[in-house]
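Beneath this line is the structure, given in structure tokens, with notes to follow.
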Amino acid sequence: MKTALRGALLAATVLAACGPAVAEDVTLTIESWRNDDLSIWQETIIPAFEAKHPGIKLVFAPVAPTQYNAALNAKLEGGTAGDLITCRPFDGSLDLYAKGYLAKLNDLPALENFSEVARSAWTTDDGSATFCVPMAAVIHGFIYNKDAFAEVGVEVPTTQAEFMDVLAKLKDEGSYVPMAMGTLDQWEAATMAYQNIGPMYWKGEEGRKALIAGTAKMTDPEWVKPLEVIAGWKPYLGDGFEAQAYADSQNLFTLGRAAIFPAGSWEISGFKRDADFELGAFPPPLPAAGDKCYISDHNDIAIGLNAASPNADAARTFLEWMGTKEFAELYSNSLPGFFSLSSHEITLDDPLANEFVSWRKSCDSTIRSAAQILSRGTPNLWSQMWGVAANVVNGTQSPADAAAEMQAGLAAWYEPQKN
Amino acid sequence: MAFSRARRNLIAELGAHAILLTFTVIALFPVLLVLINSLKTKKAIFRAPLAPPDAETFDLIGYATVLAQGNFPLYFWNSLFVTLGSLFLVLLLGAMAAFALSEYRFPFNRFVALYMALGIMVPIRLGTVGILNLMVATGLVNTHWALILVYTAQGLPLSIFILSEFMAVVSKDLKAAGRIDGLSEYAIFFRLVLPLVRPAMATVAVFTMIPIWNDLWFPLILAPAEETKTLTLGAQVFVGQFVSNWNAILAAMALAIVPVLILYLIFSRQLIRGITAGAVK
Amino acid sequence: MGGKPQKKPFPWHIPVFLAPAVLIYTLVMILPLAETLRLSFFQRDPVSQASFYVGFANYARLFFDPFWVGPFFNALGNNLYFFVIHMLVQNPIGILIAALLSMTHLPGKKFYRTAIFLPTLLSFVVVGFVWKLMLSPLWGVSKDMMSSVGLGHLFMPFLGKEETALTTLSLISVWQFVGIPMMLIYAALLSIPDEVIEAAECDGVTGLSQFFKIKLPLILPTVGIISILTFVGNFNAFDLIYTTQGPLAGPNFSTDLLGTILYRTFYGQQTQPGDPNMGAAIATVMFFIILAGVAVYLFVIQRKLTRYEM
């Protein structure tokens, strides 16, 4: 209410004073965890926006990803956060909206350029309010070293059996670590392994929604099977993978010492810069030939408006611009692997990014299974998934036990899953 | 007899050198690894982390990135100003309070001492939101003073705790003599006691300085603006979500060791000199 | 009644000495912390976001809800282990180095002292990075080094195994902080008056027995201070674990300390939103644990230590 009033007053003053008073530039600060994108914003996106909108200056102010949530929360509570807030998907931002830190954006025309699925990650459960403008989704799959495949004489696998066969051949041949993945950081095992291949088994959205509805359990075969599959990867990981951090996995692969990298599409730009061999990509292998294909196509990042921003009008101008084809193209092509969520037809220059996005034609998309609703209680399902997936790959917990642990955690607080 | 004693001393000395050298190598090797790798290409860091840079792998890209991105000389100055400012306040105010607590008997003395010690037991970070509200209310956000105040509050409990221990052993006769000479309590503190506890002050300085210099959290929350950014916060820009720029991080960190090492050398000299001077007296 | 004693003038110097420290400390530290700890008696409604008073419900959850009590005591146990390693390794090594350094006429003292202190000056980001690099099975630094002395078969992914991760991290922390006990003890040894040592030598007490019989008792108060500093530092530690093992303190929570469980709860991680109310409850319990430790020191140990005037 107060902010609405302040916004109205601001608008009134801006309208009233068309003279030299408006010459004063408005500076908008964007809070973000994407340190990685600093130069892209500074060199490409911000100049493009400022050229179109003189009078509005943008500052992209990222912090290290591990500190983002804590720092942002403190700044929002203290009233010192920037005007625009980069939104994590689903419950991470829903929480901010519920606390009144993010403004409702339903009246923003730009949102029309996004499908309902795209908006779902930043919309309340009842669909009544949308609070962030979607930016990009990321797709899981496998990136591989084409030279290594040619050298060892293996073909891109399409089924789980073929996949294991390729791993075995790579291991026998011995010049490459078959797969670059570690469990030290834990999230690799949950994200790059379990959520990467899992949708094939729990049938994407169908399985995810059944879990939310309480008609399926984590201990059902379709949820345990993918854990068994990733447990089978253990012999093909690098020596001492238990102490291998995510950055180690990346380096292992880009230095040409590993053949396959279980990936998210976000790796594309970094890998292209660092690897001096040819890169290819293939979707998660089908459980059996002829099965229907499902991929994890996860809404990942969006930008919302700080409800307390004194520059709400200028910020809305920017959010409006985020819905244009111009922004979608600039963003997707500067950051191959982050696929714009807008409905505009976009041409991607990068062949590897095109490979990833082409899977959308033959496969059904789904989001990460623990992202929506299921991670709202204690214990947190997504955090639990990190731990148990790592344990399963390490071989210190059986897939059945891991599934039982997650189910018990869910049953402890989530009504539809109780007994 | 004399000969065997000299020989025993020699053996003891060699043994001491051997042990100290071992610990020195253990302490320095990882630090050296940071320095070596800050001078190499990213690939060379991971291909052969142990190898010193050679013609092929030598690369100043890390340092170049650090100097090109952001305003590192300014960040350096900010870190130094904040660290020294906090240090000054922690030492002065801490010594004053410690003196009052260890010198005078007054009601609630023990209570105040305990109250001041509470701060050692809870990490101040938990009060972040309250602190931020305070700084917003006083308009100190994005100023050096916000940081200096927080670090002073954070450093005081330990400083008072350690300094009271040392002040308790300052000779009573000396102070009594001063009082007989008609010195005021302030003069006794500043002219007689402070010089004597110089070694303890140097110790506290070292303790206080390190966490302040390396702190990431409060600069991030209280003073993230470009003009007040500290070095540690500035270097964070190279820590990415998926890809970190290790060349730049290592270069920034290698540079960040220098000022704090110089400060340490100054304080440790104070420490040793203060003690030896005290012993000679 | 007559004979009122002459009223002494109010000792203004006492408040003057105390006030600045007490004021800054109260305003900037105590009040914000009290505000935070107050949160432990509240809960937030997940739908309306309204905060309401719940008494000791959060504490009850912490001690009786199986999803809290297990992790909490796991962290407490790990923290005790972390502390014990520091007391058994860091402090004796610190004393040893300091004792060697205080040997008269040892050339190169200053170099040793500075070198051994150097790791303490590093930030956790660098410490985490360099030790992960050294211990990484991939880049082979420590593997090669262990092989070169014939211990190659003992090499393991130390940070990735539940059995070894916590010990490894404790030792890394010892490596980083051994300079502090070294420096404090060295200073204490130097301040032992020469007359005391000379008297001992006249009585024929030299070398090791001199150290144990004469010097060690004299530096015991310093050892006491170091122990309490180690205790407080260890029970507040979390940065090292966060930078090397991540917020979930893996593998399988084997490196979870009270500090890591506190920050994970208070600020959340990834899609796990922070829960300041439970976080504050944990912080309060931690506070009492540390307070108990400090009280033991102040009222039991410190009283037994004899102080010597300088």
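When the chains are written out, they are named A, B and C in that same order, and each has its own residue count from 1.
Keep this in mind: a residue touches a chain if its C-beta (ideal position, glycine included) is under 8 Å from a C-beta of that chain, and two chains touch if they have at least 3 such contacts.
Bear in mind the structure is a predicted one, so any value in this text is a computation, not a measurement.
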Chain contact topology (line, ring, star, complete or other): complete
Two chains sharing the most C-beta contacts: B-C
Interchain centroid distance [CA atoms averaged], chain A/chain C, Å: 38
Centroid spacing, where centroids are CA-atom means, of chain B and chain C in whole angstrom: 16
Centroid spacing, where centroids are CA-atom means, of chain A and chain B in whole angstrom: 40
Per-residue overlap in chain C, given as positions that touch at least 2 other chains: 138-139
Residue list for chain A, restricted to those that touch at least two other chains: 66, 248, 251
Interface hub residues of chain B, defined as touching at least two other chains: 46, 128-129, 133, 216, 239, 246
Contacting residues of chain B [partner chain A, same complex]: 42-43, 46-47, 128-129, 132-133, 135-136, 141, 216-217, 220-221, 224, 236-244, 246
Chain C residues within the chain A interface of the complex: 46-47, 49, 67-68, 132, 135-139, 156-162, 242, 245-248, 250-253, 263, 267-275, 278
Interface residues, chain A side, partner chain B - complex: 33-36, 38, 61-67, 71, 74-75, 77-80, 246-248, 250-251, 255, 266-267, 270, 274
Interfacial residue positions of chain A with respect to chain C in the complex: 66, 69-70, 73, 88-92, 95, 98-100, 182-187, 238-245, 248, 251-252, 370-371, 375-376, 378-380, 382-383, 386-387, 390-391, 394, 396-397, 409, 412
Chain B to chain C touching residues, read off their complex: 12-13, 16-17, 19-21, 23-24, 26-28, 30-31, 33-34, 37, 46, 48-50, 89, 93-94, 96-97, 99-101, 104, 106, 112, 115-124, 126-131, 133-134, 149-150, 152-154, 156-158, 160, 162, 165, 168-172, 184-186, 189, 196, 199, 203, 206-207, 210, 213-214, 216, 232, 235, 239, 246, 249-250, 253, 256-257, 260-261, 264-265, 268, 271-272, 275-276, 278-279
